[in-house]
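By written order: A, B and C. Residues from 1 in each chain.
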Amino acid sequence: MTPEMMTNLKLFAPEIALTFFLCTLFVYDAVLPSLRKTLFPLIVIVFGMGLAIWATADVATGVQTYFSGMIANDGFGNFFRIFFFATAAICAIVAYGSKELETSGRTEFGLLLLCITFGLSLMANATHLLTLYIGIETASILSFAMAGFARHTLRGNEASIKYLIFGALSSGLMIYGFSLIYGYTGSLQYAEIGKYLTAHADGRPLIVLFALFLIYGGIAYKISAFPMHFWTPDVYEGTTSPVATFFSVGPKAAGVAALIRFFLTACATKTGEGVWTSIPGLSLPNAVAMIAAVTMLIGNLSAIGQTNVKRILAYSSIAHVGYILMGLVGMEKTGLTAILFYLVAYCLMNIGAFWVVGIVSDIKKSEDLSAFRGMGWSSPTLGVCMAVFLFSLTGIPMFSGFIGKFLLFGALLKAPGFLWLAIFGVLNSVVSLYYYSKILKAMYFERDEQVVALDLLPLHRAGLVLLAIPTVVLGLFFGPVIEFAEKAVLSFL
Amino acid sequence: MTDGIFIAIGIFTLLCGSSVILCKSPVYSAFSLILSFFGLAGLYILLESPFIAVIQVLVYTGAIVVLFVYVVMLMNPNSSGAYRNWIFMIVSAFLAWAVSLYLLKALTLGVAPAVGGAHALSLKEVATLLFTKYLWPFEILSIFLVVMIVAVFALAKQSKETPNE
Amino acid sequence: MDQFDFIVLAVKTLVILVLIIQVVPVMIYLERKIAALIQDRPGPNRVGPLGLLQPVADALKLLMKEDPVPSNVNKFLFQIAPFLAVMPACLSLAALPLGDFFEIGDRKYLLQIADLNVGLLYIFAIGSLGIYGTLFGGWASNNKFSLIGAMRSASQIVSYEIPLALGVTGAVMMYGTLSLREMVFKQSGLLLGVLPNWGVFYQPLGFLVFFVAAFAETNRLPFDLPETEAELVAGFHTEYGSMSFASFFMAEYMAMTTMSAVMTTVYFGGWQIPYLSDEALFSMIGSRNILALIQVAVFFTKVMVFMCIYVWVRWTLPRFRFDQLMKLSWGNLIPIGLINIVLTAIGLYFWDKR
């Protein structure tokens, strides 16, 4: 094997570890079916993720892109790899504790989870449109299967089919954009596309704008930003809660990473340590600002009238994508650091919120607001944790969500001329307080007619508390995470 | 003369493509899909890539559309009936035309594509590229395919609960 | 490509097409005679001496019979299905090399309609289109038995396309080309001084896989579940009368001819006579065109040998059950084909044949 191949494999080690555990799961399920019902799949997944995270930390520097320029090796990518692996491990634990997933389907679920994480990691690290496409398709197609998994109800099938049709449509549009960009610039690599677009900045035909818009459309589908957000409420409502948990965090972060990588490398030039300016003619800040504003608005306004808690959380996730995109407007390191921090905080609080919804729906067999009545009193752990998560989602001070939003607004104000967006964001946060409080009101200020004995597993209690604590702690001691994020952004290619 | 052939094949493909959407019976749609893939294969031959044209016929027309037709024949869905809203159809057709015209203008306005000098790859070059430069994506896809097969089986497995809500 | 070339091409196409269509009447006769031989009975011996005019009688009968169209069928698809069956059978003849070349004046013309450099792949691609005639014919007949026959046929053909391609991949690896004409040239000479340098001696496993898959692709016994007489009346062509039935019939025989032709070209040296090289023959005869005729005759002899083997197997072996059929393809032929590829790769690595 050539030394280049050895380097390639060493740098790809986390994903190879992931694949190894995928194969282990596969083989064990076929050879020892009796292990299916035990903790074995969970152990394999969590252990695999741990190994992958450890392998990430060991990655050598000095090599910029490997596998002939298809995948990047920088701190930014590593940050996201650790993020995805940790998220997947937490979601595996959430899924294990959920009653909705049948015991016999756990191995397949684990396989799907591992492979989707693989795809997400490809998406976030891609420097070549082919890798991006493979990552998006791996994540998407397996998500279609996961969406309809173990939920043999009409709702579940509807969710899966809607996701599939939307996904197929946006993939088709995206790859049309890829082909147009290839025809115009002659290359599929981000760096070379950027070089070509910068060199031919004047007299650029309309087709490039159209192609970039299509590519944005494909990625926007994954993060459920405007205009490709229509599938989110129906799919989140139709799938089982653990699956919705994973969907609301994993693909969003991957899509955001892919968006940042593609548009900052191909449509902007690096003009300083952590500062980018967009290529003349392609006004990236304005476009992103518009999209962020509309996404926020849609998410928040649509959530007001909902009665199904999962739909509320789905619309709130759309709104959060709007906030996240605000950080991209300034196109400099404060904004990107803010995005990375916000993603970490968002991961914790969103997984927590969806987990609570999952527990309640397991017990009460319903996901409506009415199922949450009196939860705060019948199960204090559940109530307090949910309150922590919801306050953090709103952005109330002393929680990590607040710090995240603060950083995002701060980065936004650094860029000239976007004060309107900051004010808009604050107003949207105020609106979001309404529907988050609706859940809290149901939990604490309404009583339930029948008192159902709440049956929280120790796993649930421990897990929720373990998620709630960092949500609060990050609101107070946010320094280390921000430094880590900043280092990651500065080492962006 | 190449231009004339291109226009003919292009119009044929477009007509078949629109017939896929407009036909009432799904079997006719599948049949039109076969014809439009043939048109695509013809376009590939015009681009001097006989290998891609043959692969297109072999994979798409010969396998994928067969599965489409298979499923359509097994499911035997009723045709969707008469179109319910003519005005909606006319307006959306008009919008589609407008977007297509914009696309046409955008595509041909001052474009000097960088790949103008590219030549069609011979079979040997395609094979070499696939095993050197693009080996890694090729192998990655195998993992994806294996897990996808597992996913399909997991979805198709009968559940112990009733299938309806 | 001037006027004359174009005319020659058109005439060549017509001649090759007619030649291969003429195999069908010959096969009608041979099938029944060989069946009779195997079953120890006389066979057709009424019409003409030794029954040799039987195909003529059959053709006349089919032409003059009524062509019924049942009332509730899907008219468009019902009437187009026979065409869909015959068209791929005819199209795939374009890449078959019937001989080397012939001369008119001082110009050389290949005895092949199109020397595609992806010739073998082209034949497989067009062959895979043969499913549609069956599928649409079975579905449009508005008849449950036809539909079952069509579905079985479609799944069988799709399943056996993979072993078909895998069997040939070993030979492709060895010859390094997909062009059928090149493959024939690479099979000239002698192997170990005794055997002709044919593909079958280098790729016995590949030939075996291809042979079995070729039977399944053409819906011939022992794989003819789609048209079993005992179970499904006549399968997907139950509802079709005279000329439509004749079209399906013709399509099946032409597909068999194409498969036999591919087998001879890839594994049995094509139009070459064993132990006699072209130069030797040319120096003996002196005229290129007569040499071309001899090559075409040799080619057709080899193809007819395979067709007789087809008929022989048909009347000897019993039929596969459907699950046995599927298991054979996915469980047995594909692994053997893959093993063949690995063995070929190992062999090529150590004894570089190029």
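In this section, a contact is a pair of C-beta atoms (placed from the backbone, for glycine too) under 8 Å apart; a residue touches a chain by one contact, two chains touch by 3 or more.
Remember, predicted model here, so these are calculated numbers, not experimental data.
The greatest number of inter-chain C-beta pairs in contact is found between A-B. The central chain here, found by comparing per-chain C-alpha centres with the mean of all protein C-alpha atoms, is B. Chain A and chain C have centres, each the mean of its CA atoms, that are 55 Å apart. Distance between chain centres (mean CA atoms), chain B to chain C: 30 Å. Computed centre separation for the pair chain A/chain B is 30 angstrom, with centres defined by C-alpha atoms.
Contacts from chain A toward chain B in the complex involve residues 8, 19, 22, 26, 67-68, 70, 102, 105, 108-109, 111-112, 114-115, 118-119, 122, 130-131, 134, 137-138, 141-142, 145-146, 148-150, 152-155, 160, 180, 182-187, 196, 203, 205-207, 210. If you check the complex, the residues on chain B that touch chain A are 102-103, 105-107, 109-111, 113-115, 118, 133-134, 136-137, 140-141, 143-144, 146-148, 150-155, 157, 159-165. Interface residues of chain B, counted against chain C in their complex, comprise 25, 27-28, 31, 34, 50-51, 54-55, 57-58, 61-63, 66-67, 69-70, 73-74, 122-123. Residue ranges of chain C in contact with chain B, taken from their complex: 74, 76-77, 116-118, 121-122, 124-126, 128-129, 131-132, 135-136, 139, 147, 150-151, 154-155, 158, 161, 178.
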